[in-house]
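Pasting the structures in now, so scroll down.
In what comes next, chain A is part of two complexes: it sits with chain B in the first one and with chain C in the second one.
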Partner chain A sequence: MPDLIEIAKGLLESKEVSFIIGYTKDRFGRVKPYIAKSVEDANNLMFDHHSIHNLAVYLTRLKIPENGKVGIVAKSCDIKAIIALIQENQIKREQVYIIGMNCSGVVTHSTDEWKKENIQIKCKYCADKSPMLYDAVAGTAEPFEQPDDTQAVLMQKLEAMSSAERWDFWAKEFEKCIKCYACRQVCPMCYCEQCIAEKNQPQWITTSPTPAGNFSWNIIKAFHMAGRCVGCHECERACPMGIPLTLLTRKMGMVAGKEFNYRHGMAIDQPTLVGSYNFNDNEDFIK
Partner chain B sequence: MAEEKFEPKVVAFVCNWCTYTGADLAGTSRLKQEPNARLIRVPCTGRIDPVFVIKAFESGADGVLISGCHPGDCHYNTGNFHARRRWTFFKELLNFVGIDSTRLHFSWVSASEGKKWVDVVNGVIDTVREQGPFLKYKEIKEHDFQEIEN
Partner chain C sequence: MKEFIINTDEIANLISSLPADKWDILAPAKDGKSFDYILSSDKPIINSEAPPSKISFKEYFFPKSETLFYYKREANEISLTEPKFAEKKLLVLAAKPCDAASLPILSKVFNWDYKDEFFNKRVNNSVIIGLSCAYSDESCFCTSVGLDRNNTKGSDIFLTPFNDKQYVLSVVSDKGDSFVKEFLPNLTEFTGTKETKEFIDNKPFDYKKTKDWIAANFENKIWAETGEVCIGCAQCAFVCPTCHCFDIVDENCDLNCGRRIKNWDACQFGVFTKHASGHNPRNSQEKRYRQRVSHKFDYYYEKFGEVLCTGCGRCTRGCPAGIDIGEIVFSISNQ
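The block that comes next holds the complex of A and B.
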């Protein structure tokens, strides 16, 4: 894909950006995040169906200087995270040069082929495959047949259950949690300097991986994503125990859509949902 | 021995300016209310972090009531508007993980609505009593202790 490399080379040569956050292949041929700092480095950049990582997470972790600028290779779901970070005043629009990639879906495992069955859940219901905010676009998207949205089916099944059955479902899932906080580390929207999980005066969330503490942690994590999750599904991918965390975040997204007709990370000048209010918000549930 | 009658524990997070004063009025007006609710006074409903509610359930509450000023009456102007948005998500989330609306209640009670406070709190306590003790959280907590002991 020469155009991505050409764009990157141009940017690094003219010193418009100090480095470019992108993808490269390691010596085993697996795709991994990569930071290109020089024109030579730019040759290593690539993008394909295995470029699953949401690189927007590096924008807050790397602490970009106030007047600095970095380049980032981003799919549409990653761009949503970048827009969301701008909306939430974590970065400025001028600080990022977005190389938007036309995406045709990503596959979960590095050894998987790009075919209908292997496509990640998020791509199964992805509505915006082309970049919505960018400084340059690269890559060509191959049309693909959208596979069945199995998560939506599971969601409907869960919603049809009784509260007690739902509790049992989640108690079983959360019991697996080992409190490694991978879901938090990989999340582009989890940028708090001090996480509630680390606050110990008072200790809101038990630090050891016990079922009750796991329940609190996972509920709070999902609540902090309410109206903010951009649906990149990185938490679920990073989870070593295979907890279906995106069911919770997707549910929160559904509430935002249904109650407020809102989607996070769509426009940089839109106020955030939980940071704003409307006098006429629905309050049927309040006595 | 006769089986002990179940008395629910209800934790009520109330705002200092409206509901707490309303509950105070109910007391000074000698209105009778059930004694199962434990009031926790917070400056504003906007101060109620959902983690408080989770902690209440974790610590053995059978039900939670959250109450504050009517929209437009907030002492800090917008606290309850922000809180209302948060609750919209929070109640759906808790419902989705199995804590439904019979255990988590919301209300607006102003400082002059002593009678409404009594009705709300009695209503909540009755609903929770009907539902019985909230054993689900206790079960997983007991599991924790067993694990520690072993």
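The block that comes next holds the complex of A and C.
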């Protein structure tokens, strides 16, 4: 298996890519996103259990040259976001060189120790530990002790609630929201040049971090993820207030799977769920 | 400075004896995420080894959303009503030096030209009990911005752990003195010597030199390198004890009534500087990140003679993109 650094050096030396979006360690050993622009920079690249960030977000945040190509280091959950961006016509397949990483799971927060209790819940139900779309593959996927899926337990609890109880649950969670929009900024699928939260004529979302404003923001953000969320859990990781946002997105993903047999970000030529119509679509939810 | 000995039972007694109709008590929340009100029956957590809460206590003095006034139109007459302001006093227990120090810093900006009566009322109605800090991690750098583990800036009363279950209580301000006289009249005076853990700053910088470098390097690759990684959220600004930008908006309840509100805002948002014309002077994350560092370590220093940072490290610990402001300022100071 070729080494990540060797692959990166080759790409930068041959100028096949203009830069590589990857991970590096700072001088305290904390892993952070890093843009490697030269062969020397490539020596700083790394990948381990602490490579938690979904770097696909940078594919729309950074300027990719019109006919150019950039490299990206990606785990399978990040690759789903890259595929989704291609499906949604935000980037072209030929603009990215994907260095797919065989993944052995990641921790929840970058400074967490690698142990069972700290492993992200998404790794528990991740069925795709090896890259599904790539130009090169690096790393080895080691089996690891699976975390307990505490989220599934909570989801069952929520499903068993009456709608009034569920409302109260979310009212309490959304009350914490400070409208920092970290959930939006970190989300690879939130690439709108102007977010609906910033529109004021008409104003759809009250900007105040008050119960009404927080409800409208969080619910609209969740709606916009229906059939589009790839399940990278970055929104929840980024939230400074600890709002369990992925309870909503994971549930919607399950509905898309059950009702339409659809998973976003699995194949670049597959029409998107919300962008296509099929006569066989289940309609029994229309009452 | 008057010093007394206080034990944990006496602190618990103080909490339960403060009349609940006159006092709210704020202490670090059990989950470590924020500060939270505690009841008089609660046993407060006083832990000098705890990391700083995820979000500072700023929102209790400068709320994330605050109504300035209500407006109403009746038969072409417009009337304004002021919001009701709770006159309750606030006791903050176990504030870290990097939390307490933010109040005098915020106070300068809220009293510079216009006196912000909302902020001032809250500060005047509060008593801050600071707690000596025994925590440090890679994100902390309080000693580089003129503070330290035992710094009493912003505290009215300061606690330093002494023996097991005992603290040395130092009276710092007149407000603290009146509070001790009224609620803790029977404490024994302390005459010994306190010992505290030394703070090792792993990215020391001289904030006085940093200022000059920033002023001279408006164009520098350091801004581009950070800006390209920054995702442009406001986590850093909103968890920060000293960031104080706000946006004023009107929210209508119907065609004839509404309220004017002051909400937290942040310079990392693209819309922060966007003009009505569509022009945006800070049209890239590079420029917005430069603004954040420049305001904290150059512009504020220029105007008020100190930096707009207490070195608490919250912005770094929570940054979704792993950006460490201390590391950036450290590398600037080594240029």
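In the analysis below, the second predicted complex is superposed on the first by the 282 of 287 C-alpha atoms of A that agree within 3 Å, B and C clash if a C-alpha of one lies under 4 Å from a C-alpha of the other, contacts with A are read in each partner's own complex, and residues count from 1 in each chain.
One rule holds for everything that comes next: contacts are C-beta pairs under 8 Å (C-beta built on N, C-alpha and C of every residue); 3 or more make two chains touch, one makes a residue touch a chain.
In this text the structure is predicted, and so the values were computed from the model without any measurement.
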Which of chain B and chain C A:A267 touches, first, second, both or neither: neither
Touched partner set for A:I220, first chain B, second chain C, both or neither: first
Chain B versus chain C as contact partner of A:L62, first or second or both or neither: second
Contacts of A:A141 with chain B and chain C, given as first, second, both or neither: neither
Chain B versus chain C as contact partner of A:V153, first or second or both or neither: neither
First, second, both or neither for A:K32, with chain B first and chain C second: second
Touched partner set for A:V186, first chain B, second chain C, both or neither: second
First (chain B), second (chain C), both or neither touched by A:T210: both
Shared chain A contacts, counted only where both chain B and chain C touch the same residue: 210, 213
Interface residues, chain C side, partner chain A - complex: 31, 33-34, 54-55, 64-65, 138, 202, 225, 228-229, 231-235, 237-239, 247, 249, 251, 261, 263-264, 266, 269, 271, 285, 317-318, 320-324, 327
Residues of chain A touching chain C in the complex: 26-28, 30-35, 53, 57-58, 61-62, 110-111, 178-182, 184-186, 198, 206-210, 213, 234, 237-238, 240-242
Residue numbers on chain B that touch chain A, as the complex places them: 50-51, 54-55, 58, 71-72, 78, 81-82, 84-101, 105-108, 120, 123, 136-137, 140-141, 143-144, 147
Residue numbers on chain A that touch chain B, as the complex places them: 158-159, 163-171, 175, 196, 204-205, 210-213, 215-216, 219-220, 222-223, 226-227, 248, 251-252, 255-256, 259-260, 273-274, 277-279, 281-283, 285-287
